[in-house]
Amino acid sequence: MSETLLEPGEAHLPTPPAPAGGTALEVAARTARFVRETVIPVEREIIVDRRPVTDELRLELNAAARAAGVFGPLSPVEYGGLGLDFRGQAHVLGAAGESLVGPLALHCWAPDDGNIHLLDDACTTEQRERYLAPLASGEIRSAIAMTEPAPGTGSDPGMLRTTATRVGGDWSISGAKHLTTGADGAGFTIAVARTDVGPTMFLVDGDNPGMRVVRRMPTLDFSSAPGGHCEVVFDDCRVPGSTVLGEVGLGLEYASARLAPSRLTFCMNWLGLANRAHTLSATYITERHAFGVPIAEHGLAQGLVADNEIDIAAARALVHATAATLDELGATSSAARHGASIAKTFVSEAVWRVLDRSVQLFGGLGVCEDYLVARFLVEARAFRIYEGPSEVLRASVARRVFRRVGRRA
Amino acid sequence: MSETLLEPGEAHLPTPPAPAGGTALEVAARTARFVRETVIPVEREIIVDRRPVTDELRLELNAAARAAGVFGPLSPVEYGGLGLDFRGQAHVLGAAGESLVGPLALHCWAPDDGNIHLLDDACTTEQRERYLAPLASGEIRSAIAMTEPAPGTGSDPGMLRTTATRVGGDWSISGAKHLTTGADGAGFTIAVARTDVGPTMFLVDGDNPGMRVVRRMPTLDFSSAPGGHCEVVFDDCRVPGSTVLGEVGLGLEYASARLAPSRLTFCMNWLGLANRAHTLSATYITERHAFGVPIAEHGLAQGLVADNEIDIAAARALVHATAATLDELGATSSAARHGASIAKTFVSEAVWRVLDRSVQLFGGLGVCEDYLVARFLVEARAFRIYEGPSEVLRASVARRVFRRVGRRA
Amino acid sequence: MSETLLEPGEAHLPTPPAPAGGTALEVAARTARFVRETVIPVEREIIVDRRPVTDELRLELNAAARAAGVFGPLSPVEYGGLGLDFRGQAHVLGAAGESLVGPLALHCWAPDDGNIHLLDDACTTEQRERYLAPLASGEIRSAIAMTEPAPGTGSDPGMLRTTATRVGGDWSISGAKHLTTGADGAGFTIAVARTDVGPTMFLVDGDNPGMRVVRRMPTLDFSSAPGGHCEVVFDDCRVPGSTVLGEVGLGLEYASARLAPSRLTFCMNWLGLANRAHTLSATYITERHAFGVPIAEHGLAQGLVADNEIDIAAARALVHATAATLDELGATSSAARHGASIAKTFVSEAVWRVLDRSVQLFGGLGVCEDYLVARFLVEARAFRIYEGPSEVLRASVARRVFRRVGRRA
Amino acid sequence: MSETLLEPGEAHLPTPPAPAGGTALEVAARTARFVRETVIPVEREIIVDRRPVTDELRLELNAAARAAGVFGPLSPVEYGGLGLDFRGQAHVLGAAGESLVGPLALHCWAPDDGNIHLLDDACTTEQRERYLAPLASGEIRSAIAMTEPAPGTGSDPGMLRTTATRVGGDWSISGAKHLTTGADGAGFTIAVARTDVGPTMFLVDGDNPGMRVVRRMPTLDFSSAPGGHCEVVFDDCRVPGSTVLGEVGLGLEYASARLAPSRLTFCMNWLGLANRAHTLSATYITERHAFGVPIAEHGLAQGLVADNEIDIAAARALVHATAATLDELGATSSAARHGASIAKTFVSEAVWRVLDRSVQLFGGLGVCEDYLVARFLVEARAFRIYEGPSEVLRASVARRVFRRVGRRA
């Protein structure tokens, strides 16, 4: 791992101790080894041999991660996790992300990552036991049902159409959702619905008969998670009052608070994959020849490799700096939200560029999934959209700038 | 069609009469209707319902195209084609390309497009009858086997490893190829092999037992052609002397001569698809709302739409201008080669940008194949690589510039 | 000139006869020679020796252009011009633009180019004689006073603050303008002012005491025109009713009608300069060595040269195609306006990229004005802003796209 | 300063104590105030009123900086400097760079910044007293004469043509240099010349009659330093043996060692200017209206502002991370060199983009020097070339990547 530490943009930033399992750097080193030895062989089966990504596979990988001392980088220690702060996560998730299924193996993949943060902040003691404990320990998976088909909410939470009405001490939820990540097979789903006092979050058990997974949508990303992106219907879905997450009417505040951590862990995971593709493609062109010399001798290929290195270095430095902001000022601070929006926009676009250049460096083989980078590219396309499309984030970043310069003027 | 004519970059360029079937503009208008009414419903089955792209489907679409008077825009009239010049093709292929399987339906898709050009130029009377006639009429498909696994030829034809040696009046071909487009089920394959007097092209019948399709490679593009991109092995593959295409030893000259037309028809076809995605996504955002207004009211979305329109207009103008060069100076002229390299580089990158922005405009649904643009994007990735990666083309373009400025100095 | 004709994106487009002085191609060939032999030596004095660009110099260059048979490509034949249509102008202005002062020498430079178009369309017989005749013949220069300091009009003509009120048969104009191109020393200025029935254009003589040039603003572009970009004050500026250009209240319609031609001639002129910088820088790197070979052998330098060639080819094709639209459908047609907005956006940004890469190719000498490209770059910065910033144009392009797809749906 | 700390990419990175004058953050806070109150008024005189940047002005600003407790952030404490490490410099130089002449005022501007580093590392006790002491204290300025006209050295130090030969105990230097930054009026010039045992550095006094400043070259950057970029001739320039800097024959090693610090301080200074332009332009569009609302309400303007914020955040994070590498591993370590090459490439291009967008946001006024950003843009163009053009740096970055992946394979 020591050489990884010397990679551009990462070196010599503060690396706090991990509450469990040694320092974050030691966990990162173990993670790198675990990914290389255990995860990448499975990834090849998934991509090349079309092995399906099932919950069985997830549990198998989680067990292996636990055995390797790298399970649960963002799960609380009390539930068997490593309880790392964001700076520590930046190191470990970067190493996990080097494989498309590394984050699944370590249990730091969407939407569970954000949901763990959210529940850790917002749930009651009873909910902790019933929902957070099995989720954080990897016993179950979770989903979050926010986005809706038109004319419901997409990027604009103000357009929420799913409703929840009180029926005695219970609630009845009705409405349609889509792009509900992880819903198929989830232990529970966090459903966001409109009540008479405002949007509210509910914890809906996976076996609730009022919630139906209509289908997995045929999205470009399907190799990295067992639960798909689903169309879901809530049809008079009854849940007890004790399933309200946090306060009634504050659902969007919780959704918003969930965003900075989930955006940043997204960045950490994907940056690892970009780095892997960079290494694969740079290595490939040192070996493959054209016009009398290794492709690595050609200036335009060097340019692609250098741009990959530069993009990764800048993205990594930004992720580590933003992680420090979340640690120091809190994940719900204005600085954290602004920083996470900036990081998500920059890193998602940088990762896309790196993966695209890596495909290009492989030439014709770059579009053949046997060489992995083709699949990495396709899986990554959604990163620039999920958890806030770049355009929505840019508008939000600009508005914060206007507020800042207004304060100064 | 008249409104299409008014689209930016296309209007008022010269539109010569078509040898058969009215003017090129009339054929283009018929093509637009045919694609809309007949091809797009099939495309939806292919993308959404996973209907396989078989030869049976191809023949069915070809028959429908013939009935609609739009079959064979670049096939000679004597073989039932429309015999359009490049300027005419620019109009018709642009309309055909609006669907991912439009070019297959009209029989102007790779590698048959380039192979028809090549055979029309280079083959003997006997070969015309035996190979060109059934190919041009759509009775059979063809393949071209050039690219090889390392350490064989990729972008550099000088690295050709497959050999052909004389055995009496016959030739014996041995070697491995990959990315052999269309090989699975092809009526014949043009094999490029090294002989004692230089690289040579051979016409290998589809049932020749010495040529074996090892597998279809799992490439990102699989929805648009029935023959795949294959690994192929030639193992003492015997072909008679009469199957040499053109002259022994001049294989690379023929390969090179094939490039300007095939690069330009690629541009025409893909530009149509980019335009379709542009229309789909621009339409979508006029209907979908966010933050109180249609997404089309948001400036950053407008920017994406405008950039799509601008990229398409510039690409279209460049394609039409380059087509005129090929028509007037000949497809093997230096100006044509230079122009086609420029057009391929610019258009392949512009198409990619347009498709990528179209996905982004659809938000989360953009990565769901039901909305088609996700699949368009993935299928298009290879366009920046096949028939010459952008980097190789850029080096070639620069060298021609240096020759030009050297001549002037 | 014949080799210029073969440059990418330009070849084989229709080249109509010029009303005077042979075909447009012949005029372009003469222009190329005139620029090379007569204009470029003066350009060097201006840039390197800081020779001021005066009206005396302008008249001297105009006389030389007239002697060379290339004066007035867009001036009507009756006033000694060449009366070329837009397609012809594309060839000739492209050749003129190869020098920063070529368009001034030929008298096709802003704002006179757009003003000649505007007056030719809109003025009375008396105004033709008094204003258009001396302007078209180059006897005088003109200005247009539209843009105002905040809170007046910038890109948004609805914010016009300068007023014109009737005083008997005369008008009294009052208000402040800035960025009034060419005002210092102009024979007349077209002033846009708000009247009780709407914005109106007035022809204000250069010696009218009610109009005062406060100062030339210190803009980055100062080497290409004698009149500067000025702050101007109208203070009870009296003009007779006969100086109204066109109809009272329709000033913005005329301003708008002026835009498509002026945007397109801008593109033609600047594209010439980009091509010159491209040739200069490509030539330089074939001669200068680094790391044992000419810089031209380095792949990343080749990439810059190829990108220049590609940008110029696409821009040129788009300019020629748009010129055809203006010729065939009229400069005020919706297609012409849309096309000119697209062309202005693409070409202004392509020209900027080309000039920037040319500077880069010269290395440290690229920022030294002795090598000219540094000055070209700085002068060109305003091209992306004047006559409509790219962002305003993009919004306008997008809105036309929405109207088109709406019509189709 | 506290608000600066909250800016994206900067927050919560380690901030070591300054050897003099409090913590680096306190110095940065003082610098911000000093720049705002003292330097920016002078900057306006320079840009708007064309006040020349003389040595008199420099000394005046230096005195004011000393009075404000911010003089000499990278000068050793023993010579009146602040002796900050690179992490501390990142904070202080970022604040100084907010004005084009801030770095001159604080005495951390090229080439003195790199020369102080170099002399501090390499010179003898006697040279320390004679050269480093007055340089570090700001009593004199210095120059470095490396680059030569063709066919001499540009980016490739192997092409050095200036020679130094022994004449008794002295050396005789002969050759021509250009782009010799700061030579006009320098107290001494570091001349790089070829000897029989290899390239060597010499300290040439400003009044040495064998060294002649031929002229200041008319470069785009002229507002930020009193010494220009000069053509210099060494004509049998005699210097004693005691003026050799470091060891004879190791000149390129010293030149190379100088690069990482000088590249990084360049980044720090220019990033400050980019941030200033960002603030100016974002503020401007909150005040200027178009189409009924402040320009800040327009999506495409928001996009430009957001991209500025994102570029600055990424650049800042990268600069701070790279500073930490230099501090921890040493400025001549391989990691430091690699990191500084990456940072220089990314930051110089990010700064350029930010300045360019800032000009665009000002619209027509953006190209008018009164609004400062026009001049900032022009002055910054050289940053992508001086101290290594982006293309040369990219090739170097790629080669280090190949070595890294080779080690791993």
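The chains carry the letters A, B, C and D, assigned in the order they are written, with residues numbered from 1 in each.
What we mean here is this: a contact is a pair of C-beta atoms (placed from the backbone, for glycine too) under 8 Å apart; a residue touches a chain by one contact, two chains touch by 3 or more.
If you want to know which protein each chain is, UniProt gives these names: A, B, C, D = Acyl-CoA dehydrogenase.
Keep in mind that this is a model prediction, so the values were computed, not measured.
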{"item": "Listed chain pair B-C, A-D or A-B that repeats interface C-D [over half of contact pairs the same by residue number]", "value": "A-B"}
{"item": "Chain of greatest Cα-centre distance to chain D (Acyl-CoA dehydrogenase)", "value": "B"}
{"item": "Centroid spacing, where centroids are CA-atom means, of chain A (Acyl-CoA dehydrogenase) and chain D (Acyl-CoA dehydrogenase) in whole angstrom", "value": "40"}
{"item": "Euclidean distance of C-alpha centroids - chain B (Acyl-CoA dehydrogenase) vs chain D (Acyl-CoA dehydrogenase), Å", "value": "51"}
{"item": "Chain B (Acyl-CoA dehydrogenase), residues touching no fewer than two other chains", "value": "298-303, 391, 394-395"}
{"item": "Residue numbers on chain B (Acyl-CoA dehydrogenase) that touch chain C (Acyl-CoA dehydrogenase), as the complex places them", "value": "3, 6, 8-14, 278-279, 282-283, 286, 296, 299, 301-303, 305-310, 313-318, 320-322, 324-325, 327-329, 335, 338-339, 342-343, 345-346, 391, 393-395, 397-399, 401-402, 404-409"}
{"item": "Of chain A (Acyl-CoA dehydrogenase), residues touching chain C (Acyl-CoA dehydrogenase) in the complex", "value": "298-303"}
{"item": "Of chain D (Acyl-CoA dehydrogenase), residues touching chain C (Acyl-CoA dehydrogenase) in the complex", "value": "48, 147, 150-151, 154-156, 158-159, 178-179, 217-221, 229, 287-292, 298, 300-301, 304, 359-360, 363-370, 374, 377-378, 381-382, 384-386, 389-391, 394-395"}
